[in-house]
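My structure is below; once you've seen it, I'll send some questions.
Going by the order they are written in, the chains are A, B and C; count residues from 1 in each one.
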Amino acid sequence: MAKKLMKGNEAIAQAAINAGATHFFGYPITPQSELIEFMAREMPKVGACFLQAESEVAASYMVYGAAGAGARVITSTSSPGLALKQEGLTYMVSAELPAVIVNISRGGPGLGNILPQQGDYFMCTRGGGNGDYYHPCFAPASVQECADLIVEAFDIADEYRMPVLVLGDGMIGQMMEPVEIPEYKKYVPNKPWAADGNHIARGVHNRINAMDLAADVLEAKNNKIQAKLKEISEKYVKYESIDVEDADLVLVAYGTPSRACKNVLKKAKEEGLKVGLIRPISLYPFPKVAFDKINPKCKAILAVEQSCGQMIEDVRLSVLGKYPVEFFGRTGGNPIIPEQVFEKVKNILGGTK
Amino acid sequence: MLEQVIVAGFGGQGVLRVGQMIAYAGFSEGKEVTWAPSYGPEMRGGTANCSVVVSDSEIGSAQLLEADSVIAMNLPSLHKFESAVLKGGKLFINSSVIKEKATRTDISVYYIDANTVAEKIGNAKGGNMVILGAYAKVTGTVSLDSLYELVKKTFTGDKAKFVDSNIACIKAGAELV
Amino acid sequence: MAVVYKKSIALTDAPLTYCPGCTHGIIHKLVAENLVELGVYDKAIGVGPVGCSALCDFFFACDMYIAGHGRAPAVATGIKRTHPDKFVFTYQGDGDLASIGTAEIVHAAHRGEKISTIFVNNAIYGMTGGQMAPTTLVGQKATTAPYGRSEEHCGKPIRIAEMIATIEGAKFVERVSVNNPANVRKAKKAIRRAFELQLEGKGFGLVEVLSTCPTNWGYSAVNALKWLEENLIPYYPLGNYKDY
C-alpha cells in the first residue's frame, strides 16, 4: 500500500487486517475507540469477524475460544480494560494460545482519565495476571512502528503459541503520521493443536486447557513457558540507540516520550552536551544489551517516563549499579516537555560539558 | 526546515481540520509531518486544539507546548496560546471572533477577519479556510497549490460543489496578508 | 451375545472423577448419546467450566476446552464465530453459570449465539467444598452459610431457566432433573431438542439440569435423590420455558 496519513489507532487496525486477522473481539473504551470502530467498519469487508463483547473479560475469552479454534485473533483496549483482560491473558499463556492484545494506555490509577500515560508498564511487562509468566510486549513510538509491530506480533504469537502485547500510549493512538501498511495477506492457519472439531480426522481429541492438577505436569508446563520466553528474549530484543558510546548522560524512554527526548538530544547538541538515548522497543524482553554499549565514563542514566517510575526498575537491572540512575516523570496525562527534561539533564551534569 | 504550529479554537470551528490540512499538504510535498490533537473532555463543546509539525527531517515530539506559529480562532485560545509562540514566531488571530489585541511585541501578529471574508464569498463556514490561506502564504510551510489540490481531493462526489468556495476562501486569505 | 448397553463413543475411557452418587455422570452420558444419535459427534466442540466438571475435557471424546470460571459462553462464542459449521456446546455448573458467569451467559443468549448450554444445578459449590451458591435454597446449610441461607442476608436463590427464557435470543429453555429414570429420559429429550435447535441455526438453547451433590449436601446417594425431589423441584419447577 502507498504511504498515507493515519492515526496510530487506525494504522494498528489496518495493519492487523492486512496481517490476515480473522477475528476481533473488543469493548469500547477511550482512547482506543477509533481502533474498534475501524475494525467494525473494515473487517466485514474482507470476510473477517468483528464482534463487540459485553465486557473486556468476555472479550478476552472470546479471543481464547477463537485462538484455540485456529483463528488469527486480536483484541484492543485501554488501561482499565486491560486490567480486566488479564484473566483471559494468563489463561492464554497457560493454554498456549496465540493472540495479539493492544493496549492504548491512559491515565490511572482507577478510572484515571483518558489522557496519555505510561502507568501500565508493570501490568504489561510483568505478566499482569496470576501465575508465573511473562509475555512479549512491544512499544511503538511512531505510527509506522505501530503498523510494523502489529504484523510481527501476530507472527511471534503464532511461532510461540503465546499472547503478544502491543503497548501504545494514548498519544500514539490519536496522532497522525505518514505510514505504509504492508499489503493484505490472507491468513492460512496451520495449527494441528487447535481444537477445531476435527477430532475424527485427526484421530485424537485436542484439549485447550489452562489447568494441570498434577504438580509435575504443571511444573513441566511452567518450564516450557519459561523456555519459550528464554528463546524470545534472545531473538526479539528490539531497541533504538543514539550516541550512547560517548555520552555523558543517556536518556531512556519508550513510546511517545522518547520523541520528546529526541528534541532534548538536539538541544543538548546545540549546547555542546553529550547526551545519548536508548529507546526500548521491546519492553519484554527488555533490551539490557543496549546498556552494554554505553560510554564507561557516562555520568548518569536518566529514565524518562509518563509515570511515577516503572521502566526505571528495568533500567536499574540493566546497568546493575554501574551508573547512577535518575528519573524524570510526569503523570495525570501531562506530556513530557523537552525543556523540562533538558533542565534536569543540565542539573545532573552540573553544567559541565 | 522545521515548522511547529498550534491551531486552536471552539469545537466546530474546524480547527482540527485546518491542522490536518497543513499536515496533508506537507505530506503531499514529501515532508515529514505529524498531527496530534488535544483530546479529552475539552473536545466536547469546549476548546479544541491540535499540534502540527512539518519538517524535512525526523520529527521528535508531536505534542507541542510552544510553537513557531499559533492560529487562534477564539478568545480563550488566544489567552491560552499567545505565550506559546516562540520568540520571533507568528500569531494568526481570527479578528471576526476575537476583539482583543495580542500583547506580545516580540512576535508578528496577523489579524484576519476570516469569517467576514468567508461570508462574502458565500461560504459562511469557510473562516477556517481563510485563515489557513493567510497562514500558508505568510509562513510558506505548505504551498497554496498543495492546499488547492488537497481541497479537490477531499471534496468529491456529492461534495464536489464545495471545492470552488473553499479554494476561494484559501485564496482570499492569502491575499489578505 | 446381544449388546444391550454400550458406552457412548463420545465419551473417553478415562475414569470419571465425580463422587459416588453424583449425577454428573448421567448428564455426561445424555450429552454424549445425543451427540452421537444426532450425528454431530464428529463435528462437536465442547467447553467445560471451572468446578467439578473442570476435568470434562478428559471425559468427552470430541475437541474440548476448559474456560475460565463462568466464561464458557464467551469461549464458545469465539469458537462458533471461527467455525460456524461446527457444533458447539458448553457444560457449566451453578457457581460457574449463575454466579460469576451471569454476564457471559446472558449475553451469549442475548446475541442468540448458536450454541447449546447444559447448566447443571446442584444448589451448591461442589469442587471448592460445599460453599453457598446463588442457587442454594433458603435455609439450606453450606460452609459459607453455616446457619442456613438467610433470605434477609443474601436473597432468594436465582432461577436461571426462567430468567434466560425472557431473553429474545434464547430459543429453547427447559428445566429437567435426573433424579429418576423417567426424568432422565425427559432430560435426554430436552438436550436433544436444544441440540437440534442449534443445528437448525435458530439460536441459543439452554437446558438446566437439577443434579445432586451427596458429598456436600451430606446425604447418601439415595437420600440425595430424595432431597432433590422434595426440595429442589418445588422451588425450581421442571418444564419447558421456551421452544421455538
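Everything below uses one rule, namely that a residue touches a chain if its C-beta (ideal position, glycine included) is under 8 Å from a C-beta of that chain, and two chains touch if they have at least 3 such contacts.
Not measured: the values here are computed from a predicted model.
Asker: Looking at A-B and A-C, which one has the bigger number of contacting C-beta pairs?
Answerer: By number of C-beta pairs in contact, A-C is the larger.
Asker: Which chain has the mean of its C-alpha atoms lying nearest to the mean of all protein C-alpha atoms shown?
Answerer: Chain A is the most central one.
Asker: Centre to centre, by mean C-alpha position, how many angstrom separate chain B and chain C?
Answerer: Centre-to-centre distance between chain B and chain C: 63 Å.
Asker: Centroid of chain A to centroid of chain B, CA atoms only: how many Å?
Answerer: That gives a centre separation of 34 Å.
Asker: If you average the Cα atoms of chain A and of chain C to get two centres, how far apart are those centres in Å?
Answerer: Chain centres of chain A and chain C, defined by C-alpha means, are spaced 39 Å apart.
Asker: Using the touch rule from the top of the page, what residues of chain A touch 2 or more other chains?
Answerer: Residues: none.
Asker: Counting only residues that touch at least two other chains, what does the list for chain B look like?
Answerer: Answer for chain B, listing residues that touch two or more other chains: there are none.
Asker: Flag every residue of chain C that touches chain A in the complex, lowest number first.
Answerer: Interface residues on chain C, with respect to chain A: 12, 41-45, 47, 50, 54-55, 57-58, 60-68, 71, 74-83, 86-87, 103-104, 106-107.
Asker: What part of chain A is in contact with chain C in the complex they form?
Answerer: My answer: residues 22-23, 25, 49, 51, 53-55, 57-59, 61-71, 73, 87-88, 91, 195-200, 205-211, 213.
Asker: For chain B, which residues count as touching chain A in their complex?
Answerer: 20, 23-24, 27, 32-37, 39-40, 58-63, 65
Asker: Can you check the complex and tell me which residues of chain A touch chain B?
Answerer: Residue list for chain A touching chain B: 3, 5, 31, 113-115, 170-171, 174-178, 256, 259-263, 266, 333, 335-339.
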